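Order as written gives the chain letters A, B and C; numbering starts at 1 within each chain.
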Amino acid sequence: MALAAGMRVRARALLRAGARLRGAALGRPEPAAGGGDGARRFTNLRVLVEPDPAAGVAVMKLKNPPVNSLSLELLTELVISLEKLENDKAFRGVVLTSDRPGVFSAGLDLTEMCGRNPAHYAEYWKAVQELWLRLFLSNMVLVAAINGACPAGGCLMALTCDFRVLASNPKFAIGLNETLLGIVAPFWFKDTLVNTIGHRASEHALQLGLLFPPAEALQVGIVDQVVPEDQVQSTALSVMARWMAIPDHARQLTKAMMRKATADRLIKQRDADIQNFVSFISRDSIQKSLQTYLEKLKQKKG
Amino acid sequence: MALAAGMRVRARALLRAGARLRGAALGRPEPAAGGGDGARRFTNLRVLVEPDPAAGVAVMKLKNPPVNSLSLELLTELVISLEKLENDKAFRGVVLTSDRPGVFSAGLDLTEMCGRNPAHYAEYWKAVQELWLRLFLSNMVLVAAINGACPAGGCLMALTCDFRVLASNPKFAIGLNETLLGIVAPFWFKDTLVNTIGHRASEHALQLGLLFPPAEALQVGIVDQVVPEDQVQSTALSVMARWMAIPDHARQLTKAMMRKATADRLIKQRDADIQNFVSFISRDSIQKSLQTYLEKLKQKKG
Amino acid sequence: MALAAGMRVRARALLRAGARLRGAALGRPEPAAGGGDGARRFTNLRVLVEPDPAAGVAVMKLKNPPVNSLSLELLTELVISLEKLENDKAFRGVVLTSDRPGVFSAGLDLTEMCGRNPAHYAEYWKAVQELWLRLFLSNMVLVAAINGACPAGGCLMALTCDFRVLASNPKFAIGLNETLLGIVAPFWFKDTLVNTIGHRASEHALQLGLLFPPAEALQVGIVDQVVPEDQVQSTALSVMARWMAIPDHARQLTKAMMRKATADRLIKQRDADIQNFVSFISRDSIQKSLQTYLEKLKQKKG
């Protein structure tokens, strides 16, 4: 047996950043507590939180039609929802899933990165960073119940969880496919992937923008379990029960020990990372690529 | 073909530390050389060394009933035994196993960490560090013949070896299960595991305190081979023969190149690591946990 | 979706180094452009380049009988050939293979490291470093079509590629087998292997000098695909087509992001690495080993 005093996640600094983000980003009051089943239930516009205080678990469902794009508003609501649960001692675990089976999340919202001004790009990127830090360093157990397609930013969210359950539908592929759009996953996306599937598989997957269907996803290790579509959430809750059996303090210190170095790489250069993003996304060539891509998407729908 | 001058392990500094440890820890004379088959045979009280100078190999058997707990005395005898073999040019390889099939080692000795004073905790932790450094940086080939249960500190010892053979008995699980007791594996336990099974499998195993039965142990890579119980030692000796066929100097430089960075992380902060341990283990909450656990163990026996 | 401004490979600095190397090493004019199928075709003495500008791909064949040893001249021609293709916008991908099926490359040339003077050793080692840096940091897609035995330096070349296809002939083993000759793979050989197959498999393989036959090579991940001998090159070209479908800029930034840290470790200490090599190889004991080994090789042939 062995033990050691672990490291502490700078929770307070993160909370302050979250507060600033919330105010600056939307300038609107906090979502009202709502719902009919007790004081703890609260429904945001784009994040549906279904609490089970007896079990200590909340199911958090993304609800941003049509494809759960990570708009600035969704990012902000996600951070607020996580913060609330993190600060409520009744909750020790969160199952992250989609309210719309078929799409877990399509990832970052292209319309936030196209035809806006640099200040907007900077605000948006800061919100993306904030969500990643919140999820990646959460003291709660996070289990992803991936009940739909899970590319790019959707995959990033899943990778921050402690365990990933994917529906066996071969249409539901998962991966960081940024290069297919002519763009590049930032280093902290890459680090999260390398931690999960190793260096070689990451180099291969990131260069080719690979999206892994369920069987391949399980084999490469980007998900931990594949189950029939109608069992994704129940399996996630069973997995959660096993994790909840571990003493919180020891588990949290262990998680922080495993993740601190990776998180610190971004924390130490958040501003530079934002500047990099703004400078990259503002290029004419990138703006044109995104514009073309968005127009194609519109034509498909029309 | 390629070559390079490797790096040198600071053997002398380690030896000095070992000498200090030996004197300070027990204040008793070195175990007498003994046995009936030549000057090299020596038997400690808790470490049985069976030398085969012709083969250049010694079998080192843990003998600390009932479960080979790593008491301060056992740690000290292990370090002394390793040092003797390391300094004897006749020996190039060690098979590490248990004299009591059924338990390889239960790991650290809880009675050394419970109800004692800070000076004792510090002395104990330093001895744990010393054993890890000796094993991990050994110039000899180390093969673990795991003929019994191998949790926590027992697993750590096995992980320092160059090759691990585990008996196929499904009761003989191996892993770093510290979180199950409400405690946390220190960073150098973690680093040793990450080197062996990778980042993701380690994060999963350490958070849940997983103990892998043989088939799973082989699959995750925490052991290299699984064989029937009565073939563990003979297989270990066969594996050893293969390793002994490699020129020592090249093998040693290669091993040092692979392990130096990991060892240096602890060497550079041994004192801080001891202080962390003492501070953590001295907490009332931790002492109460350990006390409760020890009383349960006593009741089981009674 | 996510994006970020990547890092830039110091291409210009590398090119300058290449120019110096070329001049210093051989003091001979550049190989003449030749061949009958257009201005781009050029044949060196030891590197046969078969360009397909329409596809944007060149097949580069090692031709240094009898075993494609990496002599100083072959190293220099390889660097020159790569530089030409890298600077020619018509080429985005290179298939690296052997003109002599049966041996991909036997690795470094022992005669360059035996019975020469320190200045020669330094010049040779600098050329080895240069080839590794060129291959490892190439902006082009590199696919290894391994149509023969691939030990040591041959394996290193293959490991720098983006994808490795190995012929299924069980005689064609691949690995870094330096310890078998009593020498040690330098840290950047080791780093390249660890990136590919992970820490534990590398520690095992490097200490024992393992050469993996095709089935094992695929399992450990040191190659990506194994196909019948007569399909190695066609498979490599099919793989290449898939990689060529990715936008260059995004793929190049992603590759640089994955590899920069590893390359920088050598770039920051090239001179020290050369000094290490010269000092190691100049030792009497090493020279004697190499001399003995070379004489055995001669007797075999005679």
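Assume a contact is a pair of C-beta atoms (placed from the backbone, for glycine too) under 8 Å apart; a residue touches a chain by one contact, two chains touch by 3 or more.
All values derive from a computational prediction rather than experimental measurement.
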item	value
Residue-number overlap at the chain A/chain B interface, same or different (half cut)	different
Rotation angle (°) superposing Cα atoms of chain B on chain C, nearest 5	120
Centroid distance [mean C-alpha coordinates] between chain B and chain A, Å	39
Junction residues of chain A - those touching two or more other chains	198
Residue ranges of chain C touching chain B (in the complex, touch as defined)	107-108, 110, 113, 128, 151-153, 156, 176, 178-187, 189-190, 198-200, 202-204, 206-209, 273, 276-277, 279-281, 286
Residues on chain C engaged by chain A in the complex (per definition of touch)	1-6, 162-163, 194-198, 221, 224, 242-243, 246-247, 249-251, 253-255, 257-259
